[in-house]
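Shared between the two complexes below is chain A, which pairs with chain B and chain C, respectively.
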Partner chain A sequence: MNGTAKRRSDQVLGGAMIAMLALVLAFLVTPLLVTCLLAFDARSFLGPLPPPALSLRWFEKLVSLDYVATGLATSLKIAVLTTVIDVLVGTAAAVALDRGSFRGRGLLMAAFLSPLIVPAVVIGFALLLFLSRIGIVDGFTRLLCGHVVITLPYVVRTVLASLTGRDRRLTEAALVLGATESQAFWTITLPLIRSGMVTGAVFAFAVSLDDVAVSMFLTDPTTYTLPVALVSNMRASFDLTIAAAAVLLMAVSALLILVLERFVGFDRLLGQGLFRS
Partner chain B sequence: MNNAVEFHGISRRFGGVTAVDDVSFSIAAGETVALLGPSGCGKTTILRVIAGFERPDAGTVSIGGRNVTALKPYERNVGLLFQHYALFPHMTVAENIAYGLRHRGADKREIPDRVEAMLALVRLQGFGARRPHQLSGGQQQRVALARALATRPSLILLDEPLSALDAKLRQELRAELKQVLAAVNSTAMVVTHDQEEAMSLGERVFLMQSGRIVQVGTPSDVYGRPDTRFAADFMGRTNWIEAQVTRRETGFARATSRSGLSLMVPDCSSDAIDICVRPENIVLSAADAADPDGMANSAKGRILNVALLGATRQILVEMPGGQQLLVMQANRVGDGLDPGKAVRIGFPVAACITMPASNRAAPNASI
Partner chain C sequence: MSAVTAIPLRKPASAVPALGRTTLLLLAPGLLLLFVIFALPLLGLALESLKQYVPGRVGSATDAPLTLENYRELATPSFAGVLYETFKLSAAAALTGLLAAFPLAYCIVRRFSPRQRAACIGLLVMLVLLSMLVRTYALELAFGSVGIARPLLLALGISPTSRWYIETLVGAGLLHAIVPICTLTLLGTIQNIDPRLCDAAQSLGAPAWKAHLGITVPLALPGLVSAFLIAMTFAISAFVIPMVLGKGRVLFLSNTIYTRFSDVANYPSGAAVSIVMLVISLLALSLVSLVRPRKGAGS
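Coming up: the complex of A and B.
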C-alpha cells in the first residue's frame, strides 16, 4: 500500500468513527429530549409530536399524588443511608483487598464485584428468600439491604482503582518516617482515595435512586421507592406524569454530575487516580 | 562504641523461597557499606528487615546496640530511600520533607528552617512548593534523599537509589550522593546491583549471592582478591584460564594451561587451578618485540576483534592453543591494533588470581 492509500484508509476510518459517535449520541439524547417535551405536553392523550400547547399540568398532578411523595421520601432515605454504608464498608473492603495478599483474595474480590454481573432479578429474588428466612420482613430494612448489595461494587471498584498498589509503598514510606499505622492512614491513604470515594458514592447514590428491578421484590404495601411506585402506577393508568417524574429525576442526575465535576473532574470520573505519579 | 547495625543469623523465607539465608554482619557507626548482588539475591529483603517491614524467621537485628527485632518501623530511627522514591503525590516537596519531622516530634517552629536546610543540601532551593510530578526523575530522587535525611537518622538505607536514572545523570548523582552522605556523617547502607556504584560509594562491599553474603571487604579487596568465581565474575570482566600446577618454587608456581600455555602464578595450595586475569592487567605489544619488562607471562597471539567503548577498547586475542583472552586497552590513535594482527600479550605474576578448580562447582549467579 502506498502513502496516499494508507492516509485515505485512515481518513475513511476516522469518518466512520465520527458517524458512529453521532449515531450513538442521537440514540442516547433523542429519548431524553422527547421525554422532556412530553412532560410539558398540554394534551391529555399521547398525541403526535410536537405538542400544540405546553403546560405544567403533569408536574402539578405529580406533586399532588400521595404515593409520589411517599415514594420519593423513601427513595431519598434509602439512597442516603445506602451511600453512607457503602462508603464506610466499601472503602474498608477496598483497602483490605488492596493490601492483603491472603488466600482467597481473588475470590473475595469477585464476590464484592459480582452484583455488577449477576442479573438484578436473581439478586432481588434471592434476597427476598434469604431475608424472610432470617426473619427480616420489614420493607425498609429489606430495601436497604438490597440497595447496599447492588451499589457496594461501585465504591469498592472506584476506591480500588485509586489505590492500585501504590498505597502500600507510600504507607511504608510514612511508617519509616515515624508515622503510626493510623496516622499513615489519615495522612496518606485517605487523601489518595478521596476522589475514588466521592466518585463511588455518587454512582451508588444514583443507582440506588434509580433501581427498579431489585426493589420490586423487596417493597411491601406501605414501603416503596419512587421508581417502583411510578412503574406500578404506569401499569394501572398510563399518563404523562411519568414523563414529568423522569424530567425531575434527570434534574437530580444532572446535579449529581455537577457535584462530581466539582470534586473530581470528568476525566477522573472513571476511576483513575487523583494524581499522576 | 556500639556497632550501628548488627545482624545475627538472620533468615527470612517466603513460602519455599529463602530470600535471606543465615546472614550475619556488623556495620560500624559512620561507615558506608554497599550491599551488592544480582537481582533477586535478597538485598531489598535485608533492607526491609533493618527498617522493620519484614520480621525475620530467625536471628536478631540490633541498631546502635539495641535489639530492635520486634520493633515497628516507627519505633526505629532509620532513614530509607526507596527504589522508586515513594514520594507522597498529594503533598508539596516541602511537605514531603517535613513529614518525618512532624511525626518524629520535631519542634514545629524549627521545621521550616530544617526543610530549607535539606533543600539546600540536595541543591533544590526554591522547589519547596512544587508537587513531585512536576519534578524530573533526578530531582525526585534528591527530594527522596532529603526526606530520608531530614530527621537525622542514625542509619540511612538506600535501595538502588540511582537505578531509575539514565547513565549520565546516574554518574552525576552518584558523586553528589557521596558528598551528601559524607556531609551528614551517618551510617549508610547502599543497595545496588551495579558493581561500579558499589565500589565508588561503599567503604566496604558486602557481596551477596542467593540469600547469603559470600564476601566482605574493601572495594579493592573484593575486586582484586575475589574468593570465588562468582565474586570475580560479578565484580568485573575476567579471563579464566584453567591450568595444572607443574612445579612450585619460592614465592610462585609454574603451571600449564589446558591449551598449552606455560604460566607463572602466585603460589597456591591446590594443583588443579582456575586463573583469573583482569583484562586491564594484560599488556599488548608488537609481536616481534622482546619480552616486556616485568611480564613473567608472555606469549604471541592474534587479534580476533576489537570493540570500541570510547576511551577504551576491548580487544579479543586468540592464543595458539585456542585460548581467548580479553584485553582492555586505552583507545590511542594510530597504534595499529586491528583484527588479524599478530601481537604479544604479557601480564605479571601478581595479575593472576588463582583459585582451586573445585570452586567451579559453586552455585552460579541467578541473573
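Coming up: the complex of A and C.
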C-alpha cells in the first residue's frame, strides 16, 4: 500500500470515527435536552419543538399533586435511612474483610456483593413473599428492607476498594509510635477511606431514590415511593408534569455528581471498582 | 519510613488465621441483615416455586404439596417467546452498545485533551447515575409514539405503533443505559494497552484501521467480552425500560414476574420464573469471571 492511499484511508477512518462519536453523544444527550425544554413548555399539549413560550405551569401542577408530595416524602425518608444503615453496616463489614486473611474471607466477600448479581425484580418478589409470611405488611418497613439489600453492596465495595488502595504503612507507623488499634483506626484509617464511604453513600442514595423494580412489590396503598407513583401515572396518562419531575430528578443527579467531584474526584472514582463489573 | 517497614510488624488481628473477635463483631450486623432479608427470602422463593398453585388463592397454602408443575408450565411457546424477546433485544443492545462504547473509550483515553477527557467522563458518570425513570421518560418523549420525533417518523414511512418500532425503542432504551456503563468499563482496558504497539505498526506502513484491527482490538478482547456480558446481564434484568417503552407489547422476563404477582396473583408461577431468571443471571456472570481472572477488589 503506498503512502497516499494510507493517508487517505486514515483520514476516512478518523472522519468516520468523529461522525460516529457525534452520533453517539447526540443519542445520549438529545432526549434529556428535549425533556428539559418541554418541562418549561407553556402549551397544554405536546407540540413540535421549540416551545413558542416558556412557563412554570408543569412545575406548579407537579407540586400541587398529592401523590407527588406523599411519594417524595417517603422516598427521601427511605433513601436517607437506607444510606445511614448502609454506611454503618457496610463500612464495618468492609473493615472486617480488610483485617487480613482468615478462612472463608473470599466467600464472605462474595456474600456481601451477591445482592448485585440477583435481578432486582427477583429480590423484590422474594422479599414480598417472605415478609408477608412472617407478618410484616407495613409498607415503610418492607421498602426499607428492600432498599438496604440492593444498596449495601455498593458501600461494601467502594469502602473495601479504598481500604485496599490506602497506604498501610501509615497505620503501622501509628501503631509503632504507640497508638492503640482503635486510635489508629479513628485517626488514620477512617480519614483515609472517607472517599470510598462518600462514593458508596452517593451510589446507595441514588439507587434507593430511583428504584422501581424492588419497590413495586413492597408498597402498600398509603406508602409508596415517588418513582413508583410516577411510573403508574406514566402508564395512565401522558402529560408534561412528569417532564417537570424528570427535570427535578436530573437536578438531584447533578447535585450528587457535584458531591462526588468535590469529595472524591472522577479520576479516583474510576479506581474504586464501581465500573469493573 | 524505611525504618518502619523494616520492622516485621503486622496488625495484631491478622496474625490469627481464624476469625478474630473484633472481626466477627464488625461482620455480625451485615451478615445478620444479609441472612434475614436476602438469603431467607431467596430460599423461600425457591420453596414457593415448588408449591402447587390453587387458582383464586393469593399465595400458596403452607401445607400445599410439592410439585414441578410450575416449571413444566414454563415450557410453553408463550413463555419461550418472552425468553426469546428478552435475549434478542438484550443481545442486540449489548452488541450495539459495545460498538459505540469502544471508539468512545479509545478517544477518551488516547485522543482527547485532559479537559475534554474530564468533561466526557463527567458526562458519562452522570449518565450512569441518571435515574432509570428519567431516562425512560426522556426517550419516550423524544422517540415515543406521541413524542417529538413522530412527524419525522411518519414522513419516513415508519409507524410509531408498529411492533418493530416498539422493539427498537426498547432496544434504544437499553442502549442509552449500556453505552455509559460499557465506556467506563473499557477505559481501564484501553489504558492498559501499550500505545507504542499501534504507533509502531503505523510507522511501518500499516493504515490506521489495519493497525487497530490487528493490535488494539485483539489486545482489548478480554475487556470487550466482559463489557458485553456486563451489558447483557444489565439488559436481561431490566424492568422499567421494557415496562414503559414496551407498552405491554414487548414483555421481558422481569415484567412477566410482576404480572404474575399483580394481575393473576399466581405466586408459585412467579417464583418459578424468578428462579429461572436468577439461574440465567448467574450463568452469565460466571462467564464473566471465566473470561477475566479474579483480581483483588479495586486492584
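One rule holds for everything that comes next: the second predicted complex is superposed on the first by the 234 of 277 C-alpha atoms of A that agree within 3 Å, B and C clash if a C-alpha of one lies under 4 Å from a C-alpha of the other, contacts with A are read in each partner's own complex, and residues count from 1 in each chain.
Just so we're on the same page, a residue touches a chain if its C-beta (ideal position, glycine included) is under 8 Å from a C-beta of that chain, and two chains touch if they have at least 3 such contacts.
The model shown is predicted, which means the values in this text are computed figures rather than measured ones.
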Report for A:213: first if it touches chain B alone, second if chain C alone, otherwise both or neither.
second
Tell me which partner A:73 touches in the superposition: chain B (first), chain C (second), both or neither.
neither
Which of chain B and chain C A:56 touches, first, second, both or neither
neither
First (chain B), second (chain C), both or neither: which does A:26 touch?
neither
Considering only the touch criterion stated at the top, classify A:169 as touching first (chain B), second (chain C), both, or neither.
both
Could you tell me if A:42 is touching chain B, chain C, both of them or neither one (first, second, both, neither)?
neither
Go through the superposed model and pick first if A:112 touches only chain B, second if only chain C, both, or neither.
second
Hey, is it chain B or chain C that touches more of chain A?
C
Set of chain A residues, in rising order, touched by both chain B and chain C
169, 172-173, 175-176, 275-277
In the complex, chain A touches chain C at residues 1, 5-6, 9-10, 13-14, 17, 20-21, 24, 27-32, 34-35, 38, 46, 48-49, 88-90, 92-93, 95-97, 99-104, 108-109, 111-112, 114-115, 117-123, 125-133, 145-146, 148-149, 152, 156-157, 160-162, 164-165, 169, 171-173, 175-176, 181, 202-203, 206, 209-210, 212-213, 216-217, 227, 230-231, 234-235, 238, 242-243, 246, 249-250, 252-254, 256-257, 260-261, 266, 269-273, 275-277
Contact set on chain B toward chain A in their complex
51-53, 72-74, 77-80, 82, 84, 86-90, 99-100, 103-105, 131-133, 147, 151
In the complex, chain C residues that touch chain A:
1, 4-5, 7, 9-20, 22-24, 26-27, 29-31, 33-34, 37-38, 40-42, 44-45, 48, 59, 100, 103-104, 107, 118, 121-123, 125-135, 137-143, 146-148, 151, 172, 175-176, 179-181, 184-185, 187-188, 205-209, 226, 230, 233, 236-237, 239-240, 243-244, 254, 257-258, 261, 267, 270-271, 274, 277-278, 281-282, 285, 288, 292, 296-299
Would you pull the chain A residues touching chain B in the complex into a rising list?
169-170, 172-180, 183, 187-188, 191-192, 274-277
